[in-house]
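I'd like to ask some things about the structure below.
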Amino acid sequence: MTDWKFIARQLVKNPLSLAGIVLITLFVIIAIFAPLIAPTPEGQGNPYLIPREGYGATPQPPREDYPFGTTQGQYDIFYGCIWGTRSAFQIALVVIAIVVLIGIALGSLAGYFGGILDEVIMRITDVFLAFPALILAMAIVAALGPSLRSVMIALCAVWWPSYARLIRGDILQIREEDYVEASRGLGASSRRVIIRHVLPNAIYPTLIMASLDIGAVVLSAAALSFLGLGAPEGYADWGQMTQFARNWIVGPIGDPFRYWYAVIIPGMFILFFVLGWNLLGDAFRDIFDPKLARR
Amino acid sequence: MENVIKIKDLTVRFYTYEGVVYAIDDLDLDIRQGETLGIVGETGSGKTMTALAILRLIPHPGKIESGSIVFFDKRLGRELELLKLREDRMRSIRGNKISMVFQEPGSALNPVYTIGDQISEVFLLHRRQELASRARQQLDSLLSDGKGPATSMKKPFWRWQSRLYSKIAQDSNLLEPRLLGRLPLFRRLLWRLKHEAKLLTVDMLKDVEIPDAARVATQYPHQMSGGMKQRAVIAMALACSPDLLIADEPTTSLDVTIQAQMLELFRRIKVDKGASVLFITHNLGVAAEVCDRVAVMYAGRLCEVAAVEELFLHPLHPYTKALLEAVPMPGKELQTIPGVLADSFNPPPGCRFHPRCPSAMPICRQERAKLKEVSKDHMVACHLY
Amino acid sequence: MAKKLMMSIVALLGIIALVLTGCGGGGGGTPIPYLNDGKFVQDTIGDLDSLDPAWGYDTASGEQVLYIYEPLLTYDGAATDTFKPLLATAWSYNASDNTMRFTIRTGVTFHEGGTLTPSDVEYTFERAMVQDRSGGPIWMFYQPLLNKWSNTSGGVNFTVIDQAVEVDPVTQEVVFTLYDDYWEVPFLQILCGPWAAIVDKEWCIAEGDWPGTEATWQDYPYFNPTSEGDTALFELTNGTGPWKLSLWEHGEQIKLVKFDDYWQGDVPFDEVITRVEDEWTNRKLHLINGDADLVYVPRMFIHDLDEYADVNAIQDLVELTLDTIFFNMCINEDSIYIGNKTLGGGIPTDFFSDLDVRLAFCYGFDYETYLADALLGEATQIASPVIDGLSPDYQNPAAAMYSYDRDEAVAHLQAAWGGQVWDQGFKFTLLYNSGNVPRKTACDILAEEFESIGFEYFEDSEKFQISVAPIAWETYLDKIWGTRDMPMFEIGWMPDYPHPDNFVVPYMHSEAGAFSAFQCYGSTELDDKITAAFQDTNPVTQQEKYYELQQIYYDDPGGIMLFQPQGRRFFTKYIGGFVFNPVNPGAPGYLYDMSKSPS
Amino acid sequence: MELRSYIIRRLLLLIPVLFGVTIFIFGITMLFSPIERATLYVSDPRQMMDLQSVIEEYGLNDPFWVQYGTWVGQVFRGNLGWSKVVSMPVGEAIFHYLPATLELAIFATPLIILTGIFLGTKAAAHKDKPVDHATRVLAILGWSLPSFWLGLILIMVFYGYIRGFLPPGRLSIAMDGVVNSAEFIRYTRINTLDAILNLNGRVLLDALRHVVLPVITISVINVAFIMRLMRSSMLESLGKGYILTARAKGLQEKVVVNKHARRNALIPVITVSGYLFAALAGGAVITESIFSFKGIGWWAWQAASRLDISSVLGFALFTGVLFVIVNLVVDILYTRVDPRVRLGGGVQ
């Protein structure tokens, strides 16, 4: 099995993954200390609701107390971005966790027992994979009513099949390995075999894929919010804030970038968050990928 | 008579993430004209690296640190320092004057091209002029005995072609043919080169005793048996009748009966091609069968070099002895070598074999033994002598 | 190593660079080019439902129908009380037998060549009443003519429909028999609407529409069609209007070309193109690049065009619509928006039936801020459903109005439910249709007000807790009229015809009210008052009655009356001749009287 | 012949998938009460008054299987239902909106694949060299860019600032007039293509100027994707024995990489490219909506977010078929690139 020290050394050695780690830690810090960085105003119940400075429509540029300015409806961009970090982590971790669990459960069933069970599960995954994920997600969100919760559900629904397949594949490989054969030969129960021998070996590629996916999940969630299916107006969510900016892309004549802060800043947060995870995931992939050995 | 290859204190190192691997350490070795030199040793003892070093194909992140490899080019009649050669000159030697047969015929052949393509590639690369002149002869004969309206129509075209081919025959790097070779449609004009190459390929395949060669040439690797593949690989290696043929465990992956045939094949080739062979194996039995001389390697260093009988009758180096003991023979219980192969990251000081050596002495720990000639053509690197 | 790191960082900054290149403008300044000569191009949002006059009930359909078809009469310019003849040359009303007689214009040809005859008019109305799809506009014929709601109401059969509209064999007038005389004015208003646009009988029958026979009157799709695509006139048109349909790319654009034999003579625009463009930025880009002559500008962006000299923004157009936050006095038992259904942890289902609660909310809303911020000051607060610009105009200029007053709000809150509300507090969820920021703002204002009341008096911002949540438009409508489980809901009302009755009924009538019936507002006595007011044909007494109704809605509010908007129209400076009529469904107004020229 | 029977087998396999997808989607909408679904059929408050009659007329009260059954029955009679959001038959809608999407796909796919392969090969050939790192950083960057955000920024810069591109849409009004005139024959409804077929330069230019930015928006992320894939699969095949053989033959590195390594490396890329095209032809929702380049994705988005069930179902059928066809093509391509692959058999 892989020695973690080696991995750690790689991650630090490679400037890309290092940059990734830096970015992620940065966001983790932001998420943890959000209440200190952008304190929730006195007497506001839900901290995820962005406080408003009046109700005017037109975005107002960065100024005292509003370092990033205020967007349409005078929502504080800075506050939104900071707390948006929390929502981002929330979405990503929840979705990934659920998806991985479903994937492991179904994937190992299919891969280990094969036969009808395998067929059925694989056909089901076909069903999901044969349909554009974004549209399917939209349909689901629209059905459940737009909210972060439904976004998460929708993402889980469209995401699990690929994991199920991945794990199934690995298990198909591993179950042929000698030691599994052996332990089967010794009459170990199939449950035991899966848990003791198969899963531990199948789990690594899954973890890598997961790390690669965290970025993708946040991106998709943002896309859904952007299409107006995700978080409600004024909820601390980057995608939703970008959607808000949508109406203010082009400033008036002679000053086309007047409302740049409303457009650029929330997008930047998404970009760098996803970037962090992708940088890390990419490095992971290189290290683990047995095909690209350590030449 | 000159040696084909003279290797002087060759050192190869790998700079991996885990650390530096001392793959080859101050290796001196000569290959004589027309002989078959065997290199014997456990896996990881640097046999293959030696071979790759000769071809300057040490894979990343390996590096040839120092030393020299001198190759005597028969046709030029002079010596070349391979390690100092320009890359393109080196390329013209690879597969042409020095060629190699790899251990795993399965992976040595590109799955997506036919055997024919892969072999004729060699001809097209190194024998372009020859192919061209053959093509010209073809055209000339067509021109001379071609009759009838159809042919007379084509004749001007043929003349032009034959002029073209003769140009290539003089110098394959002329501008015109090079251009033609690039242009999508005109490239087809050079089909005769390919055609000639195919013919040679088929002969080559016949040469390595492949039945129904013409058909095999059109087959893909996955359609052939392991033995056939290996023959094809050998054919590829011999295509340009090289001065030196490097065979890296050519038989290991084959089953015993095929092995025998292969060894037979090798012996024959050596006789009619007069090539020198560097035969790498971990199997002393095989070595005994094919080799004239044998060199024993351990952990990237040479332990002992001697003619076959000499080595088998009077092995001097403890490691050689141990190896021979380890060969299973009827009526004699098998002895194994204690300990494991030296760690290539931080090899033991002094003689690398000392940790496993039955007759190790204090000095073995400090100092590495030089390779010295103890009797005629019998060299050994051990403090005992 | 360092080099690689640098590289990655540089690459990261690349994007930022891309964005900030030449920040601060340039490029701008350029005037709007004069493009598409002879074409009128407008960008709207959302496609129309159908070009069948009897089907369309949405303004988008109405607008196009009125370009292609023509009704008997229309409003006179900006007026909503005086009419001018269109396909009818004259009309008269006979109070003795409640008949209304129309003389039909002669020499009018349809796009497909037919000539207008009185029987076409008769067919038009009978066809509409036969079709009367559920949820369609045709109840506006049934009410005045038969005092029924639809073709499925009891007592409706072919004979009554047939007799409602007849052609006088002698005078060749078209005769409508009204149910009662008080319908005179409203019916004329109704006849101006797109649903009353005249079709060509022979042509319709030839195209497979209702043959006009009793035998077939209940056949599908002539009777109660369920899909707009099923009616023959869905995208097949043949009117007498100045333009005829050339191309309708659903969801993208509808293109009309001028009708050369138009009876009024020359037509100003060779083509009228209406393009569906849901993105505000894209509409804006079309306008400032001269690729559109008129674009729909949501209220919140009106100042976004201030700095464009070539954009002609026509302001202060008093629209006949109003927005209200209604109280639901009989919230559905299974509502998930009212907490545990008891004060403190939620609200009882009849929470708003207590007058003090409603008054507290009426006083607790900051109207000024709302009008100023959310509506950018281009709207006026209103006292009651009877708004400005109706005909007859019965709005009481002196009517009392609620204004933001925290002390009043607190006072009523303390009085509500015998003080229980004040002691225990309340919790409920206030929904708005997602994407509608002005509505969300209204909700936020209300929520924050009560939050701070709780905070001021109890140091507890959750004492009076209103949580604001969005919900999809379709579902929102359903919650108002379907499940009826929202404690409060904000929605706007747009009239079919500008008669006060068309406003008072939906707000105050306990059975027929589009809103009141669903919020359990009103009483039979009140209903009688409403009917009486409507049926009174004496202007003086009728005005008194409507004034009284307005007072009633103030004393016993069914909702927080928010505003009547002042609209704007944004044309390029090349368009002239715009006349605003609030009842006209089309944003450009009377296109026929307008022009486009480079100067 | 093997091919035909294979195709038939694949098409049969399609049936259960389509059933699965449609049942699933149908199931989703069944989460709604009949009343809620009825609201889709009304556009105005007043119409809510007789919601009940709407429900009865559309049979929204029937149990799941009845409604699904009637739908399937209709489909077999070739009637995909009525697309409420764009008020035309679903089948018609698909054909009406497909061209716009195809226009983007036709431009984007080759761009994406070729650039991706090129960069990927470069990166792999110079592993751990500056080229590699640069391409890689770019890839990851593009990979992390929110496409909707990129779209906004492009509009910001190119429409707002430079104003060098015509305002969003597929054609400007003037050209739209030309396209819809009698002289201009709309063979494919793909404007650029038609413009060429009609030899009309002005329309072509106009159409191209409208296409550029959307294509860029789509491409960025996907190029990154293909490039990553190409890189790793090149590295894999560069590690194979036959590469060493090729080098030992004395072939130039260029030849070794571009001939021996690449052809093997292409195999996985082909699959992905197939899916990529399918995905693009299935509609680039965000791009289409941002640039109001109304294609099938835009339509599906409208339908999905407004629960226009028959549209979504029709779209599901469409994409299902699309994917299967693309799969077929990909598999057949396989056999051309990799002699080891047999149709349906996988690698021997």
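Per-chain residue numbering starts at 1, and chain names A, B, C and D are given in the order in which the chains are listed.
In this section, a residue touches a chain if its C-beta (ideal position, glycine included) is under 8 Å from a C-beta of that chain, and two chains touch if they have at least 3 such contacts.
If you're wondering where the values come from, they're calculated on a predicted model, not measured in any experiment.
Trainee: A-D or B-D: which has the larger count of contacting C-beta pairs?
Mentor: When the contacts at A-D and B-D are counted, A-D has more.
Trainee: Farthest chain from chain D, going by mean C-alpha coordinates, please.
Mentor: Chain B.
Trainee: As a quick test, compute the distance in whole Å between the mean CA positions of chain A and chain D.
Mentor: Each chain reduced to its C-alpha mean, chain A and chain D end up 23 Å apart.
Trainee: When the C-alpha atoms of chain A and chain B are each averaged to a single point, how far apart are the two points in Å?
Mentor: 52
Trainee: Would you kindly tell me how far, in whole Å, the mean C-alpha position of chain C lies from that of chain B?
Mentor: Once rounded, the distance between the two centres reads 88 Å.
Trainee: Which positions in chain A touch two or more other chains at once?
Mentor: 16, 142, 228, 246, 249-251, 256-257, 260, 264, 271, 275, 295
Trainee: Listing for chain D: what residues touch at least two other chains?
Mentor: 133, 137, 141, 145, 153, 155-156, 159-161, 289, 305-307
Trainee: Could you pull out the residues of chain C that touch at least 2 other chains?
Mentor: Each of 4, 8, 12, 15, 19, 25, 27, 30, 279, 281, 285, 472, 475 in chain C touches at least two other chains.
Trainee: For chain D, which residues are in contact with chain B within the complex?
Mentor: 127, 240-242, 244-252, 260, 263-264, 337-340, 348
Trainee: So in the complex, the part of chain C that touches chain A is made up of which residues?
Mentor: 1, 4-5, 8-9, 12, 15-16, 19-20, 23-25, 27-30, 279-281, 284-285, 288, 299-301, 303-308, 369-370, 373-374, 376, 434-435, 437, 440-441, 444-445, 451-452, 455, 461-462, 465, 467, 469-472, 475
Trainee: Taking the touch rule as given, give the residues of chain D at its contact with chain A in the complex, in rising order.
Mentor: Residues of chain D touching chain A: 16-17, 20-21, 24-25, 28-29, 31-32, 133, 136-137, 140-141, 143-149, 152-153, 155-156, 159-161, 228, 232, 235-236, 239, 279, 282-283, 285-286, 289, 297, 300-301, 304-307, 312, 315-316, 319-320, 323-324.
Trainee: Note which residues of chain C are touching chain D in the complex, please.
Mentor: 3-4, 7-8, 11-12, 14-15, 18-19, 21-22, 25-27, 30, 35-36, 39, 41, 47-50, 57-58, 134-136, 150, 152, 224, 226-229, 246-247, 249-253, 255, 271, 273, 275, 277-279, 281-282, 285-286, 289, 291-292, 472, 474-475, 477-478, 480-483, 491, 493, 496, 514
Trainee: Report the residues of chain D in contact with chain C in the complex, numbered from low to high.
Mentor: Per the touch definition, chain D meets chain C at residues 33, 35-36, 38-51, 53-54, 57-58, 82, 85-89, 93, 96, 130, 133-134, 137-138, 141, 145, 153, 155-157, 159-163, 166-169, 172-174, 176-177, 180, 289-292, 294, 299, 302, 305-307.
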